[in-house]
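Please go over the structures that come below.
Paired with chain B in one complex and with chain C in the other, chain A is shared by the two complexes that follow.
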Partner chain A sequence: MIAYAANLATIVAIFAILAATLNFIVGYAGIFSVAHAVFFGLGAYAGAQVALLLIPDPLLACLAGAVVAGGLSLCLALPALRVRGEYFVAASMGLQMMAVTLFSEAKPLTGGIGGLVNIPRPTLFGVEVSVLPLALVALALILLATALLQRGAFGRTLQALRDAESAAEALGKNVAAAKTLAMAFACAGAGIGGALFALHLSFVNVESFTMDQSVLVMAMVIIGGTGTLWGPLVGAIILLSLPSGLAFIPFIPPTEVGAVQQIVYGLAMTLLMIFRPAGLVGDLSKGRATA
Partner chain B sequence: MTTEVLRTENLSRSFGGVQAVAGVSLTLHAGAVTALVGPNGAGKTTTFNLITGNLRADSGTAAIRGKPIMGLKPWQVARLGVARSFQDLRLFTHMTVRENVLAATETASWFWQPGGSTARRAREARADAALEATGLSALARARAIDLAYAERKFLSMARILAAEADIWLLDEPASGLDLASRTRFGQLLKDAQARGVAICLIEHNLDVVVELSNRIAFLDQGKVLAEGDPDAILKDPALAAIYFGDRPQEAA
Partner chain C sequence: MTPIAIEALGLSAGYGGREVLQDVSLTLRAGEILCMIGHNGAGKSTLLRVLFGLHRPSAGNVRIFGDTLPGFTPAALGAAGVALVPEGRGVFPDLTVEEIFGLALWSAGVPKSGQRERIDEVLEVLPRIKEFRTRRAGTLSGGQQQMVSIGRALLTRPKVLLLDEPSIGLAPKLFQDLIRPIAALRESRGMSILLVEQNVREAFAVSDRVLVMRSGKFIFEGAPAELDHARLMELF
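On to the complex of A and B.
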């Protein structure tokens, strides 16, 4: 039972990293990407390769994941500089679909459909460590960085772009640079989450980095509350605890848990959009000054 | 003669078959207010968009203090000292009033602004001074979206004040203001003018134009039909006919 809870907590922490970093571009900069799982995947493959080919050092794996995902965030930044709104959603969807194909085909790097297996357990200074404390520390650092950036000038720049891009530009803000930086930060964070995910499972394949995963992370952000610090964390806890919770309800047959879960998700999203459109945490922080 | 700060020559821009701006030449001087007047569709806002880099000109040139600005992006033009307002204001609606104005003082796009805490305090002081000058200090913590219309207009002006630009391009800044607000707005412009700011104003309220401007450029169908002293321009019956929609029929 403890192992089960620790596994769930680790997965929640990793997905909270994903949700928090996606929220950074969705909630603050208004860039609605449905390709966050791509950068999660890039980080996972990079971290896994470091562990497989070099040493299973989680810090090095996280660094590799952040650098690869943050660097390749330009693939997302380029369309974001040219199109906005629903056009960008479509562009990011295209990137997501292309990436899944590439992940499936680039066997030397990703292991193809079968993925990368037997990723060694993470060790720090020769001692095997659990991923849970690492994921919690990474999550705390990302939330801290997000809070600092969001309350400062960079956060105001992103919110200005979200609310009125042309006015922000007319005040001397370099929109391209700010968007590129925001995406590099968010995608590097997703890459760290990916590296930790690979080390935690000792196995990664393309199934974890599909559009479904991107939509799930987006749902965490929306349900928790876009543009809030704690909303994505709340969203990740709820959406990942729900399936586990349903499994413990005795009158739901194990074979039907998946279907019930989908019904509950759909119902929860609909009710939320009607009664708390700003998300579970959203209303609480509405109107608070952040200067 | 005051210093010339901005000059455009033969700026032109068409959209499909519509010639929105056709060879507009303008000069703005430090400490002077120039009003762009003309009927709807005359090309006034398009001229602003060409100067600020929001639109690319098909032909023509523009320069700020002799430095060519054609081809520059809007943020690059802004950093040369040009601030503009928009007809639809384009406030940062979900930010507070003070955040809106602070954002106008923060032009670096990196994760942090240069200059450390000393520069930060200076920026905050500029923002607070702009709020004071526009009468918005008491609303500093309110969200922009919750402001009344006149307050939104003044917030738009506060951002321009805080940006410390020396060329202001104002697109219908006094429209919808009551008399008292218009008086406050006029004083803001006069103060800026006294500091040497070059102001170009698009305005349909001719009382405001007469009160505030030193010079008028009358635009119609993308061309400057006349330029000069406000009294002379506004008393020209042919221009008045165009402005009020009583356009003379062109010869067949």
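On to the complex of A and C.
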């Protein structure tokens, strides 16, 4: 039971990192990307390769994940500079689909469909460590960085872009630089999440980085409250814990748990969007979430 | 000789290989109100975007008060005294008018000690803003939003104001009430204004000179009086 809870907590922390970083571009910059799982995947493969080929140092794996995902965030930043709104959603969808194919085919780097297996357990200074405390520290640092960036000049610029890009341009804001930096920060964070994910499971394959995963992370952000600091964390806890919790309800036959999970999950999302469209942590009075 | 505020020479620009501006040259004199008209898609807004550093031209150059700015960016142009009021008002819907003004002053690097004076200057030109300064911009009418947008630009004490179709969605009387105090800044502050408009009648009433644009080129330049109804119909 303790192992189950620790595993769930680790997965929740990793997905909270994903949701918090996606929220940075969706909630603060208004860039609706449905390709966040791509950068999660890039970080996971980079972290896994570091552990497999060099040493299973989680800090080095996270650094590699952040650098690879953050560097390749330009793939997403370039369309974001040229198109907006639904056009960008379509562009990011295209990137997501292309990346899944590349992940499946680039066998020397990703292991192809079979993925990368036997990733060594993480060790720090020669001692094996659990991923849970590392994921919690990474999550705390990302939330802290988000809070600091959001309150500073950069955060104000992003929010200006989100609310009225033409007005932000008229204020002399460097739209291209702000969008590129926001994207790099968010994707590097997703890369860190990916590296921790690979080290935690000791196995990664393309199934974890599909469009479904991107949509799940987007749902965490929206349900928790876009543009809020704590909303993505709340969204990750609810979307990952609620279905697991249902498995322990005695009167639900074990064979039906999956179906009940889907019904509860769908119903909760529908009701939430009707009664709290700004998300659980969002500020209803403004019609848009705030921190 | 009257100094030149903006001098653009041989500007060409486009999107995705499609040329929208073709070798366009323009001169805006200091203290002049220059009106630019033309049908939709003629290239007027693109020209304003180029002049404010938001769109890079494929050819040509622009001088501001005789200088070629090293980095032709909106921030550099703002520092050189150019302000843009974008098409579609461009106000931040969730912010109050006071917050928008605060953001504009902060973006322009105006110290706190000088902010009150700047706001008072704008309220002197557009006194009606006082009535709704604590309201969120998203709850304001079109005319009020346009006032806020222009007020935001005036906070930077511009020497050159680029106005992109400020009359859109406004009743003629409302536009008249809005444009006249702005036009008066030419006399009181020597401000130059480049006004892109479709509301020809009201725009001509305050303009010194008119440019007519068609398919990315200027096809007429002259005084508003030279464009009677028949000539306008012919050019459009």
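Convention: the second predicted complex is superposed on the first by the 283 of 291 C-alpha atoms of A that agree within 3 Å, B and C clash if a C-alpha of one lies under 4 Å from a C-alpha of the other, contacts with A are read in each partner's own complex, and residues count from 1 in each chain.
What we mean here is this: contacts are C-beta pairs under 8 Å (C-beta built on N, C-alpha and C of every residue); 3 or more make two chains touch, one makes a residue touch a chain.
All values reported here derive from a predicted model rather than from experimental measurement.
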{"item": "Combined model on chain A where chain B meets chain C, clash or fit", "value": "clash"}
{"item": "First, second, both or neither for A:84, with chain B first and chain C second", "value": "neither"}
{"item": "Which of chain B and chain C A:151 touches, first, second, both or neither", "value": "neither"}
{"item": "Chain B versus chain C as contact partner of A:121, first or second or both or neither", "value": "neither"}
{"item": "First, second, both or neither for A:160, with chain B first and chain C second", "value": "both"}
{"item": "Chain B versus chain C as contact partner of A:169, first or second or both or neither", "value": "both"}
{"item": "Superposed model, chain A: greater residue contact from chain B or chain C", "value": "B"}
{"item": "Overlap of the chain B and chain C footprints on chain A, listed as residue numbers", "value": "156, 160, 163-164, 166-167, 169-174, 290"}
{"item": "In the complex, chain B residues that touch chain A", "value": "52, 54, 73-75, 78-79, 83-84, 86, 90-96, 98-99, 102-104, 106-113, 141, 143, 146, 159, 163"}
{"item": "Complex contact set, residues of chain C against chain A", "value": "52, 54, 73-75, 77-78, 83-95, 103-104, 106-108, 149, 152-153"}
{"item": "Residues of chain A defined as touching chain B within the complex", "value": "149, 152-154, 156-157, 159-160, 162-164, 166-175, 177-178, 181, 227, 287, 289-291"}
{"item": "Complex contact set, residues of chain A against chain C", "value": "156, 160, 163-164, 166-167, 169-174, 286, 288, 290"}
